[in-house]
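Two complexes follow with chain A in common, the first pairing it with chain B and the second with chain C.
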Partner chain A sequence: MNGYGGRILRVNLTNGTVTKEPTSPDVARNFIGGRGFGIYFLLKEVPKGADPLGPENKLIISSGPISGMMIPGGGKCDWTTKAPLTGGYASASMGGHFTAEMRYAGLDSIILEGISPKPVYLFIDDDKIELRDASDLWGKATFTVEKQFKEKLGEEFQVAVIGVGGENLVPYACINHDYGRQAGRGGVGAVMGSKKVKAIVVHGTKSIPVADMDAYRKAGMALYKACKDSEGLKDWTRYGTTIVVSWCDEVGALPTRNFSAGSFEDGKNLYGPVMREKIVITDKGCFGCPSPCGKYSRNKKYNSYVEGPEYETIGMMGSNLGIDDIEAVAQANLLCDDLGIDTISAGNAIGWAMECYEKGIFTKKDTDGLDLKFGNVEATFTLIEKIARREGFGALLSEGVKRASKKVGKGSEKFAIQVKGMEQSAYATHNATAMLLAYMTCDVGAHHNRAWAITYDLQVGREKVVPEKVARVIWLQNFRPMFDVLGGCRLQWVELGIDRDLYVPALEAITGIQRSWEDLDKVGERIWNLTRLFWARENEGFGRAWDMPSPRFYEEAPKSGATKGQITKLEDINRLLDMYYEQRGWTSDGLPKPETIESLGLKAVVA
Partner chain B sequence: MRLYVDNSKCSGCNACRVACSLNLFSENNPKKSALVIEPQFPAPGVYNVKVCTQCGDCAAVCPTEAIKQDGQGAYYVDFAECNLCEACVPECPEEVMFVRSKLADTAWKCNLCGDCVAVCGTSALWIAEIEAVAA
Partner chain C sequence: MPATLRPSGSLRDVVGGQAEVQVEAGRTVRETLAALGIVPEVVALVVVNEEQRSKDYVIQEGDVIRVLAVIGGG
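Up next, the complex of A and B:
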């Protein structure tokens, strides 16, 4: 099948069998790939009420039709599962070279199901596919394991591996690849750990079939040319995502001391140019990327190497913890990567714990003797280790801030910064109503990448609550995750500003299926509705209350910084939701109406 | 003319290798490209890229004279005349002369098409006169 590897690999860990199934042309047409395949298989194959860490849950790993192709950013891999962190939908996007290699091995998706009786790794070398014993790898750090595989099998093999966080089923454990790329959010690493799969190694030498070779090469070259001609290429490549640290600090979006403010008085020490000069040694690109945001760093202070930190980690492990030392942030990043836990959730959880400590809710008796004041770097390092190992005080934080704050009580729920049980990523949303709505309605919990609407807030007036903002969020939510469907990266469109129409002829030439963005946006809308239906199916009483943000954003105005004294009114939050549900064709409780399901052609899928 | 690389600018993205395979074989398969990228991670954190210098050592030893020179001085493999003897492979000082008989029934090398340069976003690759840069 043109544009596809043509096979879905099913790995039954309970009985140790691996089987290949042909990729369905109908599924390819309707769901395209990546997170489209993910939600399709999740809804169809994971039974209602499945324990996220039990044998019924599945981990669905998917490439898309532009993965591994001569298309800018064709290196994104989707990891879909029922999330241990939230009990809802999880889809984590991982960059690097793994997804391209899957395709060269002829695979569109890998579905892990069941639970292995002992630790294993999945070995894929073209058509040689085996589950192999991983007893000697269990307990080892991610970098060590990746290095071991690369030395043993060669650099052409690509490796995805969990750390001790995943082994210990930390609900926000991640999956690591290429010494610094992650499938980060929602606990996909814990699902892999629950299945006793330490790693997946893949190598392929096959050519990906293409419908119209000449048209594909022409369209691919046009995309690269547009990227290279972009005015933003130079600065974006020099600083990557860290280019926004200063902007966020200036506009009050940089999470500071557990999101109590949006500007950090020592933020300048964390800005992109400071980091570039102090620690960055090279740019590190995902597959096919002409504008690599990955910055690889040599951290002299800690005698270590790490990819990053990128913006999110700087926000969550830096300003959010009151830490102004970029080398300390980089080291925290490395510890999380090596232990296999998500830097965003971990930074958020530690920030919550520090606030509890400063408010007297925790004392040293609770924290294993750690002096958990904001800014304490050594305590942060210690906590990261304790979280990944679920030791002592770390065990509480490893549960995520929603569960932990419920256990602790004493008002700490109010400053647990999360939506649907997922810790909010690094945008403070006291006065940025579109971005706040994006977090509230994001399909995995409080994550930024579905609708990065914060620049739109500044553009139209940040406190404004108008239908245009809601429409913008919906448009972004339908469209941006389409890159996760196609198996590529959105950042060439976002950051270099290339015309998204350039992707259409490329996609057509590769798959032979005629497409337009109108059609692709519709696929995005269908997927968005399906993920919502998954949440509702898995959670009794799911609805409007689940979309509410942390009270911090409507009850406690920052006492300093660019957003000092600014807050979103609760009534405006409700107005945002009313408008959002109406524009989505959902009920006032936030569930897709039957006629919406019908008009999107989803009746058969959810029947 | 030859291809040049600045390792310090390479981000290891492999776009060059896909573009190369598309030009050489009309196939989307970086395992059939004429450039090598060796990532050195986690330390020292650099990419070593190997490219053809158009030295012609491969052509000199080819018993079937399958490696020919084109108008711009680039040595290329005439696929129809290669007998897969592999004599060229050990001669290549840069290790960018390829025979992988499972993947192709011919040897292959860089033909200086320039497609790798066209897709390289970090300007790590370029084509220039051999003398001009050597001086």
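Up next, the complex of A and C:
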């Protein structure tokens, strides 16, 4: 089948068996790959009510038709599962080189199911596929394990590995790869840990069949040329995502002290150019990338090296904790990566704990003696370690802010910054109604990458609540995650502003299937509806209440910064949801109507 | 001699698809962007003669100014 490896690898950890199944042409046509394959298998194969950390849950790793191809950004793979953090849908996108090797081994998806009786790693070298003992690796840090595999097997093997966070089933444990890339959110690392899989190592040498080689070369070259000709290439490459730190600070979107404000008085010390000057030593890209956004840093203060920090980590481990030292943020980044926990959720949880401490809800008796004032770097480092090991006070924070605040009470639920149990990522949304709606309705919880609508707020008026904003959010939600379906990176479109139409001939040449963005947006819409149906299937009473944001964004206006005194009204939040559900073809409680399911051709999938 | 402003990506659409436009000296970058119909808040980075500047930088004759927008996001 053109454009595909042609095989799904099923790994039954309970029995220790590995089997291959052909990739279905129908599934390939309708769901394309990546997170499309992920939601398809999740709905079909994971039974209703499965424990996210039990044998019935599955971890579905999928490449897409542009993964491993000479297409800018073709280095992404998707990790889908039922999320231990939220009890709903999780889909985490990981860059690097893993997905390319998967494809060269002939694999479109790897499905991990069951639970191994002992720690193992999955070894894939083309058709040699084995589960091997990993007892000696259990308990080891991610960088140590990756280095060990590279030295033992060779640089061409790509490694995805969990840290002690995943082993300890921290609900926001991540999966690490390429010394600094992660499948970060929702707890995919905990699911891998629950299955006792320490790592997956993969290497392949096969070719991917292409429908029209000349057209593929031509379309690939056109994409690379567009990137090369982009006015923004130089600066995006120089700074990567850290370009937006100063901008977020300026417009009041930089989370500050647990999202109590959107501008940080010491934010300048965290800006991209400061970081570049102070710690960055080189740029680091994923497979086939013409605009490497990864920044590799040498941290003299802590005598360490780390990939990053990226914008999200600067926001969550910097300003959100009142920390203005980029080297401290880089070190927090390194600790999280090495221990295998998500920097966004961890930074959010520590910010919540610091606010509890400053409000007197926690004292040193609760915090294992830590003086948890905002800005305390050493306490932050200690807490990261305690969270990953679920030790002492860290055990509470490891549960995520929704569960932790419910346990603690005393009003702390009101400043637990999350939606659907996922900690909000690094955009403060006191007065940015499109971005707030994007967080409220995101299909994994409060994550930014499905619909980054904050500039649309600025363009049309940030406090405006109009149907056009809702339509924009929906368009972005249908379209942007299509990069996670195709197995590619959205940043060339996002950052360099290349024309998305350039991807269509490339996709057609690779797969031989005629496509248009109208058609691809429709695939995105179908996937979006399926993820919603998964949430509803797995959670009794799922509906509108699950889409509500933290009260902080409609009850407490920031006391300083660019958004001082600005807040979104609760009635406007409800109006946004009303418009959103109507435009989506959902009920007033936020569930896809039968006619919507029918019109999208999804009846058979959800039957 | 006027200065040259080079908008990136989608900002070009706002200025009629032009790769560069001639702008007057003596005004700030912020004022200049607004006059061109670009909402200054969507611009994340201003580089003048290969040095990063703020939007309050007053444009000098002969400057070459690159402005990067954050349209799609992270």
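Convention: the second predicted complex is superposed on the first by the 607 of 607 C-alpha atoms of A that agree within 3 Å, B and C clash if a C-alpha of one lies under 4 Å from a C-alpha of the other, contacts with A are read in each partner's own complex, and residues count from 1 in each chain.
Here is the rule we use: a contact is a pair of C-beta atoms (placed from the backbone, for glycine too) under 8 Å apart; a residue touches a chain by one contact, two chains touch by 3 or more.
Because the structure is a prediction, the values reported are computed rather than measured.
J.: Which one hits more chain A residues, chain B or chain C?
T.: Touching more residues of chain A than the other partner does is B.
J.: Of the two partner chains, chain B (first) and chain C (second), which one does A:Thr142 touch, if any: first, second, both, or neither?
T.: In the superposition, A:Thr142 contacts neither chain B nor chain C.
J.: For A:Asn57, using the defined touch cut-off, is the partner it touches chain B, chain C, both, or neither? Pick first, second, both or neither.
T.: Touch status of A:Asn57: no partner.
J.: One more residue to check, A:Met69. First (chain B), second (chain C), both or neither?
T.: A:Met69 sits against chain B, while chain C stays out of touch.
J.: Touching A:Asn449 in the superposition: chain B (first), chain C (second), both, neither?
T.: After superposing on A, A:Asn449 lies in contact with chain C but is clear of chain B.
J.: Examine A:Trp236 and indicate which partner it touches, taking first as chain B and second as chain C; both and neither are also allowed.
T.: A:Trp236 contacts chain C only, not chain B.
J.: Spell out the residues on chain C that touch chain A in their complex, using ranges where they run on.
T.: Residues 6-10, 12, 19, 39, 41-45, 47, 52, 66, 68-74.
J.: Give the list of chain A residues in touch with chain C in this complex.
T.: Touch list, chain A to chain C: 230-232, 235-236, 239, 241, 243-244, 246-247, 250-251, 273, 310-312, 448-449, 452-455, 458-459, 480, 490, 493-497.
J.: For the complex, which residues does chain B have touching chain A?
T.: 8-9, 11-15, 18-19, 21-22, 25-32, 38-39, 41-47, 100, 102-103, 115, 118-122
J.: Okay, in this complex, where on chain A does chain B touch?
T.: Touching chain B from chain A are residues 68-70, 72, 75, 97, 100, 104, 143, 147, 155-156, 178-179, 204-208, 210, 213, 216-217, 220-221, 224-225, 227-228, 233, 237, 281-292, 294, 296, 298, 305.
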